[in-house]
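Each of the next two complexes has chain A plus one more chain, namely chain B in the first and chain C in the second.
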Partner chain A sequence: MLMGAGGGLWYVQHLKSENEILTLNNAKLEGAVAEQQAVIEQQLRDIETKTDINKQLTENNAKLTADLNLANEKFNKINASGERRDIGNLAVNKPKSIERIERKREQQRARCFEIAQGSPLTEEELNATKKSQINAECTNLANPNYVPY
Partner chain B sequence: MQNALILPILITFLISGCASTKQLEIFTKEVERMPLDLELPPVETLEQVNLIIVTSENQEEVFAKMKEQNIDPVIFGYSDEDWELVTKNNVRMRNTIVKLRAIIEAYKEYYEPEEAEGKNSIIKSGEFEPKSFKNDED
Partner chain C sequence: MREQVIEVLKSHFGDKPIEDGTHLMDDLGGDEFDIVDVCLQIENKLDITIPEEETFDIMTVSQLLEVVGRHVQSD
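Here is the complex of A and B:
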């Protein structure tokens, strides 16, 4: 009888300890699920950020390509008499004035390189709203507040 | 004598029977890498160069002026067509710098958001818009 009681007691103790282990395991699993959920959420946020960055870079690259097209357009501009602008012809006829313009442009080009490298815009550049105030070489970069008219 | 031998053996069995094997717990802790946090190079200021337009008409005048200013009378030149190409190449190089900077900043923003936060970006949405020069007479 005593043996039976002892065995019963042992069995109950064993069940209690098993139950404790299962409770702990359950808590661990719940923790693991929460961690996995956090990982999934982080991955979703990463995907979103990556998509945003890619979109922004693609848009900016398209704008830079447009900038190059504008440079091309400047040299092939059609004048009032329907002729293509010929800088060579202009330089032959007005060497001094073309020299002056190109020297100014060269300074502007140098400034464009500085801005491209990350040089902050000056107040003058930020406030430029007239053609005479803008950097004609890289208006998109240098004069964000300039609206063409 | 026999009991003295059996009893310890039984106790040993009893104790070992009650003992349960503990589960191994493996802890994995992620160690974050130190942010590289490299600074971009300082802005390089370009030297100012003077352009000279030389035509068949003004060549003598140009060389005479150069001699006057103690400049060697020699010109490293481009034709008008090549000057156009040089100008466009400049735009291409500038665009490449802008693109590379934007990529570096995007990487920094993605992998080191706290370090990148608040730093000036060359390209911000809405700040860099293409403009038309169709009406620009300059």
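Here is the complex of A and C:
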């Protein structure tokens, strides 16, 4: 009988010990599940961020393409008398003026790249509504409130 | 001289209203290259030479007339 009671006690102790191990394992598993859940959530956030960046890049690319087409049109502009602008002739006769314009345009182009890469627009760029105020190199991108007239 | 300048402007920018305060870019739709172009056309028409530096800040018709006027008198 004593042996039976001893066996029973051992069995209960064994069950308790196993129960503790199971409880610990369960806690570890819960921790791992929470960790995985956090990783999945972070991955979902990363995907969302990447999607947003991709969307922004696509939009910027479309604007830059539109601006490039506009620049080509401007470069080969035809005046009211039907004469095509000859930048080469202007550069020969007025080199300083053309160089000055080109330097300004170069600065504007650099700003276009900054904006395309995520630089926020300045108040001045946002408020530009007149032709003399705009960035002529990427108006669609730099001056969203400018309406060509 | 004024009439000849206005004539060049109209031939370049079309039949838009042109007054002294008219802005070559904001009102006539020109850009910096147009201003250089117009100055060159005026020089040829009036047979004058305008130093480039004097044309850098021209934005309005009155500024253009003033610069041209200086050289019509002096040339």
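Heads up, the rule we're going with is that the second predicted complex is superposed on the first by the 81 of 149 C-alpha atoms of A that agree within 3 Å, B and C clash if a C-alpha of one lies under 4 Å from a C-alpha of the other, contacts with A are read in each partner's own complex, and residues count from 1 in each chain.
Operating definition for what follows: a residue touches a chain if its C-beta (ideal position, glycine included) is under 8 Å from a C-beta of that chain, and two chains touch if they have at least 3 such contacts.
Keep in mind that this is a model prediction, so the values were computed, not measured.
Asks: By the touch definition at the top of the document, which applies to A:149: first (chain B), second (chain C), both, or neither?
Replies: Both chain B and chain C are touched by A:149.
Asks: Which partner chains sit in contact with A:98 here, chain B, chain C, both or neither? Use first/second/both/neither.
Replies: both
Asks: For A:68 in the superposed arrangement: first (chain B), second (chain C), both or neither?
Replies: A:68: touches chain B, not chain C.
Asks: With the two complexes superposed on chain A, say which partner A:106 touches: chain B (first), chain C (second), both, or neither.
Replies: first
Asks: If you count the residues of chain A that each partner touches, which comes out higher, chain B or chain C?
Replies: B
Asks: Figure out whether A:136 sits in contact with chain B (first) or chain C (second), or with both, or with neither.
Replies: In the superposition, A:136 touches chain B and chain C alike.
Asks: Between chain B and chain C, whom does A:85 touch in the aligned arrangement: first, second, both, or neither?
Replies: The second partner, chain C, only.
Asks: Answer with first, second, both or neither: which of chain B and chain C does A:16 touch in the superposed model?
Replies: Neither partner.
Asks: So, does A:45 touch the first partner chain B, the second partner chain C, both, or neither?
Replies: Touch partners of A:45: none, neither chain B nor chain C.
Asks: Quick check on the output: what are the common chain A residues between the chain B footprint and the chain C footprint?
Replies: 74, 77, 87, 95-96, 98, 101, 131, 136, 149
Asks: Looking at the complex, which residues from chain C come into contact with chain A?
Replies: Residues of chain C touching chain A: 10-15, 23, 25-26, 29-34, 36-37, 39-40, 52-53, 55-56, 59.
Asks: If we count contacts the way the header does, which residues on chain A are in touch with chain B in the complex?
Replies: 10, 17, 21, 46, 49-50, 53, 56-57, 59-61, 63-68, 70-75, 77, 86-89, 91-92, 95-96, 98-99, 101-103, 106-107, 109-110, 112-120, 131, 136, 138-141, 144, 146-149
Asks: List the residues on chain A that touch chain C in their complex, please.
Replies: Going through chain A, the ones touching chain C are 74, 77, 79-81, 85, 87, 90, 93-98, 100-101, 104, 130-132, 136, 149.
Asks: Which bits of chain B are touching chain A when the two form their complex?
Replies: 18, 20, 23, 40-41, 43-46, 48-55, 57-58, 79-81, 83-84, 87-88, 90-95, 97-99, 101-103, 106, 109-110, 120, 122-123, 125, 127-138
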